[in-house]
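Think of it as A, B, C and D in the order they're written, each chain with its own count starting at 1.
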């Protein structure tokens, strides 16, 4: 019973079916009709004209956005525990040619304008110090918290005031939107976000994420950077098809809701053991080593996050029986 | 009737079936059992112990190899018309952090030791000049020629003598091996090749190429570079499965033979119009603009390679009726 | 008797004196009064408002300009024999983060708009090909030829029409201006040049070159790139003083004239042996190995440029007696 | 009366004289007899065979060392307040092609093995996390503390045990050695240091620092990196001469002692106001804004380090009358 992560779940049947549907000859790279329809489809979802590209990983989406927003001699403010800082093997530095991640503090890996300003204000504006050029937040955060539109907008206002670009790592954007119940537009461009890494792989796709630019100015250079990074697959239609299938009839949102519901059930069982409020599909639980061992002995697989703390992640397909069993096991610790 | 390229063909049914077979929960990244079996399977094929990784594009495979073999301040000798020089949007420079491609001449994009030495010997060995650290050849070449094992070995000897690493871009390795009829080992490591970009996408896969190191020393750093480049897909089993399916019962070789056979039929019809001997699955044809227009009017799609010259590419699945029709059309020009 | 290069000559006494004059306490980096006066002094010389910085080498000046003008995924068109291509150890690729030098042909390392357009027009405008973003010419060229203002302007027009930036490597700018007898303005910004590497080290300075931007837009980022490259000396006043001394009473021009006069005298003696017209301070001479040996035996030091060809360079301080002796020796070959 | 920094002081007369002495024609770059003698002279000082190069800035020395020791995908552990982290404008990331600085805590910017291990041990050894490859310490530290040989050796042991390289930023190495009274060898290679940025500019030179490798393996690549960074001045003898003059009759050590003595006198006057013990030539003083204003009104120039804290730096040439005056002023606050 796997609660290790949502990143290795099987592919949703409708996504697999969509790939079979495009298994015909078409133009290479992103010249095919499916890739070409992404902008329109995502513009509809976001209620504004967007430019989007597919990429095979969230790391690629994040880092292409950072490269578009930050020069090599600049910096990007993010949370100390952000995925781009801790889990991408130095990819942000590779794609940006050495820009610096400037680390902010914030409860539950969530940032406020004050957290961000504290980092920036400590940096003298001279050539000896790397200057911030962008902010990147993760929604849902690495600890499973979500941003309300007004919280994002407050950061967006700060970015606008300082002349910075604003990126959202939405590896679990579906879980965040499902949790808050807002429109995708309200929590992104209407709140000042310039680019969104719109994650699908953790949510039912196989190998396709969308990088969505709300400002078309960055699109052309990003197409070149994508090719230059070896990310321009020649049969792009199989990636576009995954994204289109995920958007069809709001499959992405349904899957996000399903994963969230599983986590909520675990949270209810966890009570005082919760390290963070459970707002999306991740549950951080206080557990002694003995308790963790007991859970594993009972057949549950999960991540030891920190001493005395484990992480449980539900996915779009997590078996309800497994969830029920885990909830019972937690309650019985 | 598409003869534009082999890079957009549908996916072979056995590859699609293999992806369906791995559509279960497993460990993320390359911890799954399919990814973990790649080394053994490829070691068997190459009759020596190899270390291999999957990547989603040939550009990624090539450039990870170059980054392993050449420091940022070094150079890589390749043909003036090599894919890495002309068709990868600067990816070699990105992955190597600015190494220089040093361009050699050679008939049909094929290089000899003399061609390579001519480039190297023109460079004084001082700090003002970028020094060569590696050689990269393409097999089959960009003009559809293939290397015999002894031809590769002659270059391998030069590399060994000079202390250079030796990379083979095998985007169409299947076509080359099918054409020469040699063992994969003879035309690679036994001939001094240190790494092979083993292409599958042009030959029936969807989104998986293998980068094969014959020297394990480079493997660990390459795993880190792959992650850092945003190329480490979280559901790697779907890529590993493609490669395994292509290797199963020599599907890769059968597909290469099929594509080559189509090209041979076109070559027979082309006669004196051939710009290069047809040894793999590409046909370069002399054709006036009017003749090209006539072929297009007859329903054939292809690439205008150069003034008075068109390129026709066959793939594993090219419809024999289309080939027959095109052969007839060519003969009738 | 050294005719090897002009890059190792002693420092002009007025430059040494200027460094002694600034040997007092002042603000660090470029906050001192001498560094702060560079813009004004160079604006006066160029008859327009310029932004200038000191750097310790011509390579640094060139590469900071290229980094300002070309994104990592772009290209810079230059001559096949340009200093940036052959003699800077890969510095352009380092500073630009991997941009590609796109090599043009041209007699005597001099480029025409047609030479440049030929390179650009061979590149399809798609993401697979690196696109040109800038042109860099050397004046005087690597073979001692100079550009007239109208020749530069023709290239400037091409750059403007194509949306490219235009850089001039003026390591021997003094020799070029002295040769043509034009105003510095006419052969630079009035002819469309966006930045000039204004060389002083080959012409009497110790360790200071000026990078002059005719478009202030690039200045701020370049200040940051200079620091990031470890080029921001803390006692910048000693560099600024060198440049100011070279500009004082047109010392730079007098020194350039002196070097040119020496080369002209050698050229007169060389007659049919000249490989290129002698327009600045470099003389390329046909000489058999035996003749070269004889010249060396007579006490002359110089560079073997190519088989059967030697290079003789005069400097601001070359001893007239040495020149006379060499002229006699050449005539006597 | 300037106590702002030691980085803008005039050049020592013996250094100026040495530059005049080399003001003759010689071979370019580092082929001259002075540059060629650096290795021998520094080997003598360090009592072992070293390889050394001159560079014009401490940033360049530091970052060339880091580039030699850490691959682009790796990390360097340093103090949170290290110069390489805060004051080099992103140069470490530029030279290393994006390696990550991994920040350790430590009192007075000084690190212990435990501080360093705490950073490393928090990083899982997988491809998602950047792994440490080197440690860099500053001696004297950014807060004017110095390392004893045994303290350095303890870190050296850790580096050896973990397979890391060990760099010492010795911008104020003279002050450190003068303070501890140890041999240069004991506090560097005998304690496990692999490379030292040996600073001279803050201590009486104009524009020359030495990067000293105690392991010759890194030397050749570093020569290429130096050229590639635009740091290879063509008249290198003027830099070599500065270093040689500083080493002559231990001028470097005398200058370091002189600066330290000035700081000691200020420290004695400061008493309880000291933020850190004064061990070298920097004094960090608690002072209210009003007190800082009063000191400035009395003619003293210095740096506002942090709220309620100012930094006073003495140099080799600080006027004893100024020091006496400042000591009196501090005592009278």
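The working rule: contacts are C-beta pairs under 8 Å (C-beta built on N, C-alpha and C of every residue); 3 or more make two chains touch, one makes a residue touch a chain.
This structure is a prediction, so every number in the text was calculated from the model and none was measured.
Chemist: Where are there more C-beta contacts: A-B or B-D?
Modeler: So, comparing the two chain pairs, more contacts are at A-B.
Chemist: Could you tell me which chain lies farthest from subunit D when each chain's centre is the average position of its Cα atoms?
Modeler: Relative to subunit D, the chain whose C-alpha centre sits farthest away is B.
Chemist: CA centre of subunit B versus CA centre of subunit D: separation in Å?
Modeler: Whole-Å distance between the two chain centres: 49.
Chemist: Report the inter-chain centroid distance for subunit A and subunit B in whole angstrom, where each centroid is the mean of the CA atoms.
Modeler: The separation of the two C-alpha centroids amounts to 34 Å.
Chemist: If I count partner chains per residue in subunit A, which residues reach a count of at least 2?
Modeler: 72-73, 88-90, 94, 97, 127-128, 224, 227-228, 232
Chemist: With touch defined as at the start, can you tell me which subunit D residues reach subunit B in the complex?
Modeler: Within the complex, subunit D contacts subunit B at residues 29, 71-73, 97, 127-128, 131, 221, 223-228, 232.
Chemist: Using the touch rule from the top, collect the residues of subunit C that touch subunit B in their complex.
Modeler: The contact residues of subunit C facing subunit B are 72-75, 86-90, 93-94, 96-100, 127-130.
Chemist: In the complex of these two chains, what residues of subunit D are touching subunit C?
Modeler: Contacts found on subunit D: 2, 4-5, 7-11, 16, 19-20, 23-28, 32, 55-57, 59-61, 63-64, 88-91, 94-95, 201-202, 206-207, 224, 227-235, 238-239.
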